[in-house]
Amino acid sequence: MNIAARVCGLHVSFGARHVLREVDFCAPAVGVTVLAGRSGSGKTTLLRALNRLNETLPQCRTTGRVELDLGQGLESVYAGPDARPRPLNEIRRLVGMVFQTPDVLPVSVARNIALPLKVVAGVPAAETEERVRRALMDVGLWDEVADRLDLPAERLSGGQQQRLCLARALALDPAVLLLDEPTASLDVRAAAGIEELLLRLAARYPLIVVSHSPEQAVRLAARLVVLSRGRVRHVLEKGSVDAAALAALLGEDE
Amino acid sequence: MQRFLMALACLAFSASAALAADSLDAFKGQKGTLDIAGGTAHIPVMKEAARRIMAANPDIRITVAGGGSGVGVQKAGEGLVQIGNTGRALKETEIQKYGLVSFPFAIDGVAVAVNPGNPVSGLSKAQLKDIFAGKITNWKDVGGADAAISLYVREDGSGTRETFEERALNKGSSAAGANVVNSNGAMKTAIAQDPNAVGYVGIGHLDKSIRGLSVDGMAPSQENAANGSYTVTRLLYMNTKGEPQGLTRAFVDYIYSPDGKEIVAGAGYIPYEKK
Amino acid sequence: MRRNREHTGRAVGEATAFPAAPASLAARSPEAACGCPAREPGEGAGWGTRLAALLAVCGVGLLFVMVVAAALPVLLRPGPGWPLEWLWQPYEGHFGILPMCLGSLALATFALCAGWPLALGLCCWLLTEEARAARPLARLTGGLIRFMTTIPTVVYGFAAVFLLTPLVRTALGGTGMCLFAAGVMLTLLILPTMVLVLEAGLAPRLERLCPWGQALGFSRLDLLRLFVLPKAGRNLAAAAVLGFGRAVGDTLIPLMLAGNATHVPGGLTESLRTLTAHMALVTANEVGGAAYNSLFVAGLVLLLVNAGASLALRRLGARSGTRGGAGS
Amino acid sequence: MKARRFSAVSGHSFLRWLLRGCALILCLSVGGLLAFLLFRGLPALGTRLFFGDVPALEALLGRQAVWDGLWPACAGTACLVGLTVLLAVFPGVGCGLYLAEFAPPRRAARIRLAMDILAGTPSIVMGLFGFTLILFLRHTFWPGVNTSLLLAAACLALLVLPVLVTATCEALEAVPPGLRTTALALGFTRRQAARHILLPAAAPGIRGGVILALGRAAEDTAVIMLTGVVANAGLPAGLGAKFEALSFSIFYTAAQYQSQEELLRGFGAALVLLLLASGLLACARLLEARFRRRWQGEA
């Protein structure tokens, strides 16, 4: 079972605050890896360490090795003694990310996907039309917005906006997909839709999802990484724990 | 008989028109711009000439700016304008430094001007000197109403000021507390608005809004200035850097042409024959 | 970019003395164990923005260099045409501009003494007026103040020449173009700038106090008077400095209204010439002469006053409101 | 007890009436000024004000020179202001972007100080700078150059630069930081993010700044007085030519109007410039209000 991501000895601190200490875990290439933990346990920082987004925050210091499979086997993401990482923007393009609150660009629905394609992926104009359609089909949004492609993206509902962000990430055909509590700000029905979509995508892309609800974690996870106070407590495989047990696990380490 | 007179009249008219026409012919083929700056007394003449020339030939563009004689010398000398006007003769230093060539084209006296409502009709040079030196400060000392005299003088570079201080005040200087205005037009506006004002303008600018005073009995009028009975006079000069060519040459000749003389006289000055 | 990357990669490995990296780079991420962000292509500013910033700063630099380079030699050579004298008589070789400096100072001080209390009163009234009847007047005044920031100074001057000067002439005598007339118009010019700065400073403090204070029975005026104003010293000073800077910097109003006499103004009804009006009048006249040099000394004095005002504003914490614009 | 309350109330109301007095003084003085301008200026408005005795169409197309109308001055101001903004937009917006996005803290502080000082610089000093620059160029390597529309526009561009830089900076800082993180997460480099996402998002705020700069350039007289404006030049003919401007013609008329008709034209010109300046501010505020409502949601 090859690996999509391997983290060893990862240490992240912001100024004097140490957020992550000695984190080691591997994410399988197929299926969803869920990072679970109470709030403040550093799961979002860990997720952001994978695509080096922590560097946009002030006074970030990251040490240790992070390797991702960006298509040509595991390669290091951070510059190290023997590591030669790809340019930062190329890494971030290959590692798609969806945030907790849908962050659509302040442009029309179609352009939300077309702009990154044109600027980041350098896709010629003729092709973007087709790829936008395919991306929207992937997330099941096409029939809802087919006639409103030129509407500002802010006009869509919460669930639709989150799907649009997902479509935007998929359009850049990423090697890994990171999702930071994708359903936290959505109503139950939209959340169920997103979860069903994630399971469908898990077959094609390695997914790493941060979740705060034990039920969702158990439903989605092929591998479960339990974090608390910046350290990895347990790494559990699918089916080895149920929601109640996971809740207890999360509760006990405090 | 009438017909004969009519014929004579239209002949004369066509002749003068022809005459006027040919003096504008010089501009027929010309193109380009001509910048004029300097003496503010010249502005009415320059503006009217520019209006006629540009009406005859729209391709020519003539811009007229004021600023005073100092500006005329400096801008013409620096080449910023083609024609720099001065209300005074050029100084030797200016001719050496900039190599300017002068073209006097009109005689203009400098008259002491007061508000029409001011009862005073004439002043002696001595009184004038004391007023502008700030020694006499009330109109009643010189036979006017009991009111403080408000002095108006021109800015430093003005040819009108230099001529006035040299000829009327026998090289006296003006009081530091006098209000400074920077053109003949502004002086006229200020005097017209202030009942107790006294200042000096070119005689060409005298009209019903202000009244000229007689100096030592000499009545300020262009005729007196021309025949020498009014001594506070100066010539209006057009100055160019070196001998003028092309459009500038044509403009200078136009001012000396009969059409030009008519404009100069129309502006209230006496045309001066180029010797 | 390429050469730099190896350089950093190799050096980070061995703990050798780190060669002097460019200062700004080191400051940003001194011991970034991970790849330095500034290294990545497309991270730093493009040549376009860098060029634009360079153009902007060079503009200011050129302006200062020009004025200082032309003014210093004149200042250091106390010959006959030395500008720091009390007499301006070009024909007798005196080119002193001290009367003009005093003129500027007198006019700006008059505008400040009249304008600042009025601005403070206006701002306090706008913040604390609660009477229903005064509501339309408050809205009208607020709108008028914002409108006043756009009124060009030449329009102020023009209206004043035909409206204020005759009044001053009949009331106070003299020529009507004097310190009082120019001072009144300058007060109107700097009033909106000061009111906006004061409002920006006092309003948030008052709003924070309001619910708690009004619950205790204080009126908004009491809150402002007892709690906000005593501690708003810096903001009040900032408004005064900004108003003074703008009053000194204006050219058109003194040129049209102050009479431009070259003596030290004795009283409210005497005419005076400010540095800015002096520059407007004399620049056109002659190049290279002592009068021309005095212009640069005048320019230097104005720049120093303005730079001082900007530095004082910076220490007082209020950004010089470019909304209000500088003198014109 | 009663006396104390009375003094508190009277002290109170005296202060209130004093404050109301300030408002009345302002309204009366500025209201009087505007009423005077409107009263004298309104009758002058009309085609005669702009085109004198030249038929409107002829004057507009420049086929016939207009000598006693405001049209050349208005055209001059329009060209001047357009050229000024054209020259000022690139350095202004570029420097604002560099300041908001890329400048290291120390350099940013230096640039902000330079902009503050430039904002406070009296405009007559800018005019002197332009005039001396021309003389310097003439004596060194460009003898043909002259005070002209281009020089005046360049000096005005330098004058309005701080307005643009500050407006751009504030507009970029008003854009929610989440947008920048999203762009970086998608793989945009900082430069691509600034160019494709942040600038378009801040565009309304920047447009507001440009309009403020327009207003500031249109109202200024001191700079152009020394750098090429003249009383009579007809329509502006090229960058190297002298030009007329509305603000200068107001100043020129105030000092030396010869006839009542010229005075009336001065009042008309003052009214036109006033309406132009306030119109520009109105749409600048409109733009900014829409921009603020979109990002911060407050009115």
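Letters A, B, C and D mark the chains as written, and numbering starts fresh at 1 in each.
Note that in this section a residue touches a chain if its C-beta (ideal position, glycine included) is under 8 Å from a C-beta of that chain, and two chains touch if they have at least 3 such contacts.
Here the structure is a predicted model, which means the values were calculated and not measured.
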item	value
Shared chain contacts [chain B and chain D, defined touch]	C
Chain pair, most C-beta pairs within the contact cut-off	C-D
Closest chain to the centre of mass proxy, which here is the mean CA position	D
Gap in Å, rounded to a whole number, between the CA centres of chain D and chain A	49
Distance from chain C to chain B - Cα centre to Cα centre, in angstrom	41
Euclidean distance of C-alpha centroids - chain A vs chain B, Å	84
Euclidean distance of C-alpha centroids - chain C vs chain D, Å	16
Where chain C touches two or more other chains at once, by residue number	40-43, 284, 287
Touching two or more other chains - residues of chain D	135, 189, 192, 255
Where chain B touches two or more other chains, by residue	78, 181-182
Chain B contact footprint on chain C (complex, rising order)	87-92, 99, 165-166, 169, 173-177, 259-263, 270-271, 273, 281-282, 284-287, 291
Chain D-facing residues of chain C, complex	24, 27-28, 40-46, 48-53, 55-57, 59-63, 66-67, 70, 118, 121-122, 124-126, 128-129, 134, 137-138, 140-141, 144-163, 188, 191, 219, 221, 225, 245-246, 248-252, 255-256, 276, 279-280, 283-284, 287, 295-296, 299, 302-303, 306-307, 309-311, 313-314, 319-320, 322-323, 325-328
Chain A - residues contacting chain D, complex	51, 53, 56, 88-90, 92-94, 97, 99, 101, 103, 105-107, 115-116, 119-121, 168-169, 172
Residues of chain B that touch chain D when the two form their complex	33, 35, 37, 40, 43, 47, 50-51, 54-55, 58, 61, 63-66, 78-80, 181-186, 188-189
Complex contact set, residues of chain D against chain A	178-189, 192, 196-197, 200-201, 294
